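Letters A, B, C and D mark the chains in the order given here, with residues in each chain numbered from 1 onward.
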Amino acid sequence: MATSVFALEPLWLALLLQALAALLLFLIGAVVVGYLEHKVLAHMQDRLGPMEAIWHGIGQLPADGLKFLQKEDIIPTAADRWVFALAPAVAVVPGVVVIAVLPFGPGLWLTDLDAGIFFALAASGVTVLGTLMAGWSSANKFSLMGGLRGAAQLISYELPLVLAAAAIVIQAGTLSLPGIVEAQHGFTLFGVPMIYGIPHIIGLGLFFVAALAELSRPPFDMPIADSELIAGHMTEYTGMRYAFFMLSEYAGMVILSALATVLFLGGWYPWPGVGLPEGAAGMVLGFVITFAKILVLSAIMVWLRATFPRMREDQLQRLSWSVLIPLGLLNIVLVATAKVWF
Amino acid sequence: MSVPEVVMLATGVVGGAAALLVVTSRNVVHSALYLVVALLAVAGVFLVLGAEFVAWAQVLVYVGAVVVLLLFGLMLTRAPIGPTGQGNELGKAMPLAVALAVFAGLVALIVTSYGGEVIALEHVPPAALGEVLYVAWALPFMTLGFLLTLALIGAVVIARREEGEGPLPEPDPDEPEAAEASPPDSSSWPQRQPEPTPDEREVSA
Amino acid sequence: MSETLPHEGGVILPGGPGEAMSVEIRDGGLVTQEMNLNIGPQHPATHGVLRVVIDLDGEVIVRARPVIGYMHRGFEKLAEARDYRQIIALVNRHDWLSAFCNELGVALAVERLMELEVPERAQWIRVLMSEWNRILNHLMFIGSFGLELGAITPVFFSFREREDIQSFLESATGGRLHFTYTRVGGLKEDLPAGFLDASRQMAATMRSRNDEYRQLLLGNEIFQARTKGVGALAPDVAVDYGVTGPTLHATGVAEDVRLSEPYCVYDELDVKVPVRTNGDSYDRFVVLLDRIDASLDLIEQVHEGLPAGPVNRKMPKTVKAPEGATYVRTENPLGQGGYYLVSDGGKTPWRMRMRTPSFSNIQMVPELLEGSLLSDMIAILGSVYFVVGDVDR
Amino acid sequence: MAAPSLPGSGLLKGLGLTFKTMLSPATTAQYPHVKPELPPRTRGVIALMEENCTVCMLCAKECPDWCIYIDSSKETVPVEGGRTRTRNVLDRFAIDFALCMYCGICVEVCPFDALFWSPEFEYAEYDIRELTHEKERLREWMDTVPPPPPLEEGAVPPAEIEAGIAAARKEAEEAVAKAKAAAEGGGEPEAEGPQIDEELFARLVAEGTPERAARAKAKAAFVKAQKRREREQGGDQ
């Protein structure tokens, strides 16, 4: 197994580099996926999307960022100042932390935890605290309801997400993300090298649906519901703090797509059994392949957003508890049986 | 002191301080948020002790789910913002006494169990943990799981039995859609106020 | 504004300072308190400045009260100080989505008072314009309904169509929204060359596009789950409240002025009124789509039968309606429009009263909202078709 | 009860449509780069043909929101060999486009064809006062006024235009020669009132169709036949 390129000798340098890289990846990932959403959504709606900033609107999101910077930072009088101010940070930090364990190529990860997938899921689950804090502290009824719905939704969908991931962990026999990629690389189905996503199609579906719900992405965007709750927990936010929430949403898309890539789509390998060249070329190629897979998954998320209306709160709760969770448990049983059998 | 000891001490202090704030804070939601800090500090302690898996489990279950559930409940009942009065006026002495007693008991337990024994910090890989949990302690683990499942089922049963408000019943999606060509049929006019039926009540967390 | 129930008996646990919430225990159970929520006047779901004050128990709406009047501009009073030509420019504007149908109603009222016979060709063109206006209006609601349910694409599609239709209507009327094309005694001027071809072409396009909406939304299981059985309106209640138009047709009542009291040349045309029976949001939406097809049928009939001839009668410089009163009903896109015109023989009306469909439709809202979920409120408000300007006038 | 969850055909159909749309070219108009082509009747801005204005004040009086400002003075014009006559001189003619509601009544009531619509619309200003266009500015818009579009088949041009055309034609004819006896008014349709296909009408009434409906059908048939005739004539020439 390859070691991280960040395993440098002076510890402080390694840490600094890691922090920088995590932040950079977080920002770049969010901006790229944000641009993807702008354009894909626009074309699906028979329009062009941003066209003016630089070339085909490629500079739109940085420009938006600049605009957010100069906007007035408003904290409502009745708001709980500290909680209100902290909430965006709480929403963003888990994303940055999770980046640390995501493998973006052979050796291209910041740290390889033994319980990598478990850590990633645990940390990304903390994001909802930001939503809750924002919803509660805004002193706004719409925000409060958004926060409530967000919390209810997260509790319901955390379970299918973890169950879907658990099945893969059973299959791969490791919790480490690079470990899963390597295990998948050697996986064969009746002698044919195969990504996990094909035999584990149920798991993939579960994971994807649950990820959408975790991110409050349509059709599970009841907590945000702009036509109803007026952006829910974000109603009272302006400027940079609002931008932080948007960043965390897009980064969340990157993170969960990356997790799905690792778990189901073979990570940085083009296909299990097909190797990559050694050294820097392999790293670059691996990074490109990983990112391409992430972008495809993100584009599917955007595609769903373009097409579907949102589900009502009680419907999506019912979906989780009476369909996804039993399905997830069944999936685990099936996978475990198959694993022992073969 | 070595680096792990310093980190251990720091997380311990943060956790202790946060725990104190949990009980002294006037604002319930603030209390819950301090609880998050305290629980994260505990996760940090686990991490220093090399129990990586337990640390993440702490984050996933306690921070990600339990506190969220707690906040959910608080928002539902104590929606408006601001400090929440005096609350239960049983005095502060009794809770304090109980807390101190528990603390003393735990300290005594740890001291008598380990005494001055120095435990070597080592990283416990999840595989080893699994080995212990599912091989050596399989029966207690399964019993526990069984017990929790029973509790869950019980909770569902109780929740379902309770009559009361809830969302309107779902329309039956299998119900045949009114055909484009079919003539208006007054018998299929809907009721003005459909009554929620207990069977269709949502069973949520 | 708060209409919460008084606490009768029970134990009230203390709430904090400035805290509206307290906990009451009665009959062994927790008595919850309702939350008062203002939807609007600035809220994306209300298409303008309608305000709905609702009391929520959890997410269930206990009480709902629409508060109207934020957009009152005194159209009826203004009309008393405007001559008939100016009124036509004025009534374009209260329901900005049914501009042509409104001006037509006023023109019909004046013509009836004056006992004018409008040239045949003008009447056919009036039908053509009314039906295109109806489609424009329905497209708007189709798009916004999808948007309210969280489907963001239909609105872009429907605005694409609206843009195309407006463009060729502009070639005849000069306006995109406020057509001001009717005149007392006929029309402003005849259609420009090429208009009918553009209209034919657009009708064909519109038919295929209408299927796209069906494909995008109607079959969608999430859409069905959000709309079927939501806000079901019983036909007798709808009739009691004076609900008209697509909202009424969805309940199974096929009352349509174009059939029951035809104006212009509707009696010479084959008018189809699509009807559904459930009266819920889903049916209201389907009726809207079906009405577009029905309007396209009418438009095609007009293409076939449009006679030659003048579109205007020679009118005096100042139009004066003789003394008397009349009431004209028209089938506007959102329902029945009524124009009560009283003249004392002068060049301005003595009184002009409008019965607007939106105003009657909005009366239904409390009836439908009470007992439904907050999320369903969006589906209901989006499908009880109204324009706030038309409500408040 | 079954949750509406299993992704059914409806969900896929919608996805198919959005995907298809993504692959087809977008309809967005790149406005500032590509100007829209507006029809001649578009009510964009009002242009003033100052020479035609006689300061009759009709437009200002009829304007529903009184956004037309006219100042005038009297001027005596000496007439050779006769009494001096007074004449109205237009000192100021301004339209406040910040107030204007673009109803077009002023253009319509002007008896001397001094006001016209132009489809130009790009005259937004940073200062609202700039939106009051004085007569010089309004005169400039005159250059952008397009000729009125030809009318749709079957239309009858307004009487005054017809009379004007006829007069002009007559004048032209007189000037050229008096020899030819050309038929006048080639462009007008032959039928003024609603004509019907009598044969069909009689047949339908005989069949028991209500008279109005029968008349409508007969009329439609007549119009169709007439159009066909015209087309054939056009083809012959």
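Just so we're on the same page, contacts are C-beta pairs under 8 Å (C-beta built on N, C-alpha and C of every residue); 3 or more make two chains touch, one makes a residue touch a chain.
Everything numeric in this text was worked out from a predicted model, so none of it was measured.
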{"item": "Chain pair bearing the highest count of C-beta contacts", "value": "C-D"}
{"item": "Chain whose Cα centroid lies at the greatest distance from that of chain D", "value": "B"}
{"item": "Chain nearest the overall Cα centroid", "value": "C"}
{"item": "Computed distance of Cα centres, chain C from chain A, in Å", "value": "43"}
{"item": "Distance from chain D to chain B - Cα centre to Cα centre, in angstrom", "value": "72"}
{"item": "Chain A-chain D separation of Cα centroids, rounded to whole Å", "value": "57"}
{"item": "Whole-Å gap between the CA centroids of chain A and chain B", "value": "23"}
{"item": "Shared interface positions of chain D, touching two or more other chains", "value": "4-6, 11, 14, 17-18, 21, 27"}
{"item": "Where chain C touches two or more other chains, by residue", "value": "35, 59, 153, 157, 160, 216-217, 220-225, 373, 376"}
{"item": "Multi-partner residues of chain A (each touching 2 or more other chains)", "value": "44-47, 141, 306-308, 314-315, 318"}
{"item": "Chain B-touching residues of chain A, taken from the complex the two chains share", "value": "78-80, 83, 113-115, 118-119, 121-123, 125-126, 128-129, 132-133, 135-137, 139, 141, 144, 147-148, 151-152, 154-156, 158, 162, 175, 314-315, 317-318, 321"}
{"item": "Interfacial residue positions of chain A with respect to chain D in the complex", "value": "40, 42-48, 51, 303-304, 306-308, 315, 318-319, 322-323"}
{"item": "Chain A-facing residues of chain D, complex", "value": "3-6, 11, 14-15, 17-19, 21-22, 24, 26-28, 30"}
{"item": "Partner chain D, residues of chain C touching it in the complex", "value": "82-83, 85-86, 89-90, 92-93, 120-121, 153, 157, 160, 167, 170-175, 178, 180, 188-196, 212, 215-225, 265, 267-269, 304-312, 314"}
{"item": "Of chain B, residues touching chain A in the complex", "value": "27, 29-30, 33, 36, 52-53, 56-57, 59-60, 63-65, 67-69, 71-72, 75-76, 79, 81, 123, 125-126, 167, 170, 202-205"}
